[in-house]
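In structure tokens below, several structures.
Look for chain A in each of the two complexes below; its partner is chain B in the first and chain C in the second.
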Partner chain A sequence: MSRASGWTRGSAADASSLAVTVAGTDGNVRVTSERTNWHRPVALLLLFMGLVLIAPSFAPYDLAQQTTVSATKNQAPSLLHPMGTDATDRDVFTLVLRGAQISLSIGLGSVSIALLIGAAYGALAAMLGGWRETLLMRITDVSLAVPRFLILLAVTSISVKAFTSLQLMLLIGCTGWFGMARLMRGEVSALLQRDWVLAAQATGVHRLRLAVHHLFPHLVPMLLVFTTIGIGHTIVLEAALAFLGAGGSGASLGFLLHSGSSIFASTWWLAVFPGLAIVLLVFACNALGDALRDVFSPEQVHSWPTT
Partner chain B sequence: MTASNAATSDPLLSVNALRVYFATPEGVARAVDGVSFTVNAGETVGLVGESGCGKSVTALSLLRLVPPPGRIEPGSSIRFAGNDLATLPTEQLRQLRGNRLAMIFQEPMTALNPVLTVGDQVAEVVRVHTNASRAEAWDRAVEMLAQTGIADPAARARQYPHELSGGMRQRVMIAMALILEPQLVIADEPTTALDVTIQAQILELLREMRDRTGLALLLITHDLGVVAEMASRVIVMYAGEIVEEAPVNALFDNPSHPYSEGLLAAIPRLGDLADRLRTIRGTVPSPTAWPSGCRFRDRCQYAFERCATEAPQLLPVAPGHRARCHLIQEPHRRLAGVNAHAAPAAHAAHAAHAAHANVPPTGVAL
Partner chain C sequence: MLARLLQGVAVVLFAASITFFLIKALPGDQFSERSTNPNISAETLARFRARSGNDEPLLAQYWIWISSAAQGDLNRSDIFNKPVARVIGQHLPATLQLMSLAFVASMVGGIALGTWQGTATGSRAERLSGAVSLALVSIPEFWLAMILLLVFAINVHWFPTQGMSNLNHDGTVVGIILNRLHHLFLPWLSLTLLDIAVISRYHRAAMRDVMGQQFLRTARAKGVPEHHIKWKHALRVAVLPIITIAGLYFPALFVGAVLIEQLFSWPGIGSVLPQAIASRDYFLVAGIVVVGSAMTATGSFLADVTRERLDPRLRR
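Showing the complex of A and B:
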């Protein structure tokens, strides 16, 4: 992690102070462009996704192969088991990989659902205009006023059977699109004021084509930023639910953290490594979102302080 | 009462009692308030007036693209090629837009989508209205760009609007409007945003395209020079109404409405030794509160009692020439000259190419 100090500061930097000053080895202070830094969080996230995707073949141990040999239970991290083993002799590194896979897929899946519903809803509202727009947006305002986490907690707790990952994905996605809808309506409303929209309509372009061909390219940056930041947010949300024992049936990172936390004093590695994985995963998503936002709003480049 | 001297057949466009109102928090703005005119096939008509008199709203309402809260009021009719555009179902109207009836916008800088190539935007018109394949539409677009005088059209078509100059973008707009050879083109101040030399080129191009395809042109402008050069007939709008309608020569020789007279007097002339430019005093009143009686009376040097009490009708002056002024019935009033409270029309001044800071706040310079 020796490289980390350089980009961590830059990528996590607040948007208002985008100057990235990196002390070079020669002692001079160099100013690097934020625009060149986006590929680092991308690389981290891709690495994560890659690890997670190939986890089954990559993981050094098969989770199904449980033994009751006491010698290999609850082992501290070693070269053989880099993150130790748990009470049923399972390799924690393998557990974390699989947990990250579950967490990430729930994050990706529910954000995709939220994105599809929210973007379509918001764009529809903006393009309809008038009282229909007002009605649709008041519905989202009311929905946003409902505390989402409590609703999720209540629903998952009431259910007799634990939700599968897919069900949880749907549940989180379907309760998470209101913000997207609002954002989308604002963006599309602003775009509809542009002269070229009127000019396109004057050439007989129909509404669907206007939305897809003319408006959509303008919305891609916003959608990308929302997606990346939303994934991080959703992973935390799911982890929080799982930590409270209200998550899905899958052993996500939050579930691992939950089960490891009760015996933290004796076997710290059971909680620490899943926790670290959550932090890194969420950090990668947020850093990527920040970086994308910087890439897509180049006007901020010129406002950077030079030293 | 012959409205048009070329009424041998049905006009291509016949606007009747068009009213476009905007419900604003300040009240109902009657931006276009009972406008009737015709455009014949192949004819070029100039629609003239200063900012805020309803020209652009008239233009947009012909395509039914008036932005909300603007509304074409019931009772308005816009007959075009056998359809009433004011009431035509949206889908049928869409099929006419860009196809039989097209519009050229004032600002080529903002009227093109910055994320699409210009070729894409020209080809789109073809794709939307015909069954042409993507490749065919592209070829037609490139050909059309060539016709509008764009050098190396195949390469230009693949560029984005920001890579093109203002004049070139206006050529692209013209290509978009004319690619399907519409019967009527509405050009809303097509040269206003351009340099003078480019203006002349664009007008020349419009004239050339008009003569080649025989389209009718409704040319909206505040530049009477453009009208004199391009149009055969002129409609002068003021405060949401038509105040004068005449063949172009008749208007220039014999302006019958004091507003038209003022517009013509405001054109600087070469060799004119006056050190101040003529203007029409005052500004267009707010569309939420047009004055009672004649809407121009506050700015009119001939205004008399009747103007305050009775709104004038469009009255015939000569065949094809009508004006909305009581002076037509009482011509002696004009000879009586400037009324008592009116200041001389030429009181406000600025040099021909002076900075905007020199324009007096109440002066309307054309």
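Showing the complex of A and C:
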């Protein structure tokens, strides 16, 4: 991963003008404002996530009312049950709404944890400098090389008690911040080279204030991109764990796929709809991450985390 | 180079140690399932525990496990009643077969697609393919595998639903190979389709970077034909970061293969892992983690070596 020099060049424009030039897709040069265009994608993302999070309250059926022996179990999609019913007579649409809520909460929670730890760690390393920076970064390098999914799988599968969603969130978050730390250190140490930092330091600004008031605003775009793409990533990670039967105790979308996977040859709707919901959630995150990245840093599309 | 090798060993050791301690830190052991079995008395369980060394101090257990693991002995698997190393040895070749075919195809496909996308910037076809790539990278591979299985194997019977071979061949070598490929196609396609999208997205970005560079202008000024510039001069430079990505991508491919094998009953590691998870076969799970970490380390080591070979700027 290259040093994020392009981004800092982009934001170098902040003193003189708020505009950066972007080579348009048609080959002409168009001018976009660096700071104004991000509101719409972010608002869309928040709206979408809010909808997913509150959707189960408007679900058409009550999941508590299930019967094991019933004439309405394993029904194909119909007007009454738009996504069919499962083997215990539950409405799959209601299950998918709740599963999406659980998957998204785990994604949001883990990424927030990873963001907090990683950003603090990376910024600390960059601001300390010297051998302490090298040491801190070596630790993240080794941790990044460890196959995280397999270890998460080993842990979640072997615990006798299934993890609650909160525990899973903590587990995924606390093992997912190394990339963030590395990225953050790169960005912060690039920012620290800039003249206005020197100017701020010369006026006697405290280090903490420098970090929060001076450096942080420059990092918001990068953090936003990381968050959106990270959420999508985490949803897939959790779904893969749950699909192998090793997720948390919550009925996330991956768990629905897991429970449908043994009988999906005859009941295709149990496999298709939860999966489509995952794709939709992840696609929303990826597309918004892409859009944000294009708005913020047209010059260096690939030095930030992609899928 | 030696330092790089040592780092790889350190990573594997680190991963193995984390796995061991996390497993031990969690409540329960490989005998907890049996404590609910009325036919097994508490004394028998205690004897089991003593014999397997579960009563020893944690560090002693760790030392025994890690030192024998270093010699290739990963302890015994409970469900197979065989050494873990042998269980893995029996199932790894099938996984590697699937992985290597998917790896080659997604590298070639991804680099070709990415080169085209990176040079045809702005055309309608390029934008469409970019959107398709973005959609594809949002699909979990195991779900794509389910859908392909549902459509092409269960509904229209074009492909077999499971296994690596059946008796539907004439017994000749060609027949056996064709039969294997027929079984391989759907699992391979599920992995490859998505990986092409991932690789092409990285490669497209790298190509776009390179296309703006000075040495290409020089080449154009010398009269080098445009397709030569794209597919020889630029590609040669842009492909270098992809080598690193390829190394990093190896573990993801392993996980993807494991997930997909389960669906297609492909007799690889993926057919063993869910069983090991379901019956809490500690040492088998830990063994698979160790093998996975070793593959990860090998992947990034090979990527570094290759890159150093191909990139004159890294040679000293």
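Here is the rule we go by: the second predicted complex is superposed on the first by the 244 of 307 C-alpha atoms of A that agree within 3 Å, B and C clash if a C-alpha of one lies under 4 Å from a C-alpha of the other, contacts with A are read in each partner's own complex, and residues count from 1 in each chain.
Keep this in mind: contacts are C-beta pairs under 8 Å (C-beta built on N, C-alpha and C of every residue); 3 or more make two chains touch, one makes a residue touch a chain.
Computed from a prediction, not measured in an experiment: that's the story for all the values here.
Asks: Determine, for the superposed arrangement built on chain A, whether chain B and chain C clash or fit.
Replies: Fit: chain B and chain C sit side by side once superposed on chain A.
Asks: A:275 in the overlay: touching chain B, chain C, both, or neither? Say first, second, both or neither.
Replies: Only chain C is touched by A:275; chain B is not.
Asks: Of the two partners chain B and chain C, which one touches more residues belonging to chain A?
Replies: Of the two chains, more chain A residues are contacted by C.
Asks: Would you sort A:257 into first (chain B), second (chain C), both or neither based on which partner it touches?
Replies: A:257 sits against chain C, while chain B stays out of touch.
Asks: Between chain B and chain C, whom does A:217 touch in the aligned arrangement: first, second, both, or neither?
Replies: In the superposition, A:217 contacts chain B only.
Asks: Could you say whether A:232 touches chain B, chain C, both of them, or neither, answering first, second, both or neither?
Replies: So A:232 only meets chain C here.
Asks: Now for A:157: first (chain B), second (chain C), both, or neither, which partner does it touch?
Replies: In the superposed model, A:157 contacts chain C only, not chain B.
Asks: After the superposition, pull out the minimum Cα separation from chain B to chain C in whole angstrom, please.
Replies: 17
Asks: If we count contacts the way the header does, which residues on chain C are in touch with chain A in the complex?
Replies: The touching residues are 7, 10-11, 14-15, 18-19, 22-23, 26-28, 32, 121-122, 127, 134-135, 137-140, 142-143, 146-147, 150, 154, 161, 198, 201-202, 205-206, 208-209, 251-252, 254-255, 258-259, 262-263, 273-274, 276-278, 280, 282, 285-286, 288-289, 292-293, 296-297, 300.
Asks: Please output the residues of chain A touching chain B within their complex, sorted ascending.
Replies: Per the stated touch rule, the residues are 129-130, 194-196, 198-206, 209, 213-214, 217-218.
Asks: Please give the residue numbers of chain A that touch chain C in the complex, ascending.
Replies: Result: residues 25-27, 142, 145-147, 149-151, 153-155, 157-161, 232, 236, 239-240, 243-246, 257, 261, 264-265, 268, 271-272, 275, 278-279, 282-283, 285-287, 290, 301-302, 306-307 of chain A touch chain C.
Asks: Under the touch definition given earlier, write down the residues of chain B that touch chain A in their complex.
Replies: Per the stated touch rule, the residues are 60, 63, 65, 67-68, 94-99, 102-103, 105, 107, 110-116, 121, 124-125, 128-129, 173, 176-177.
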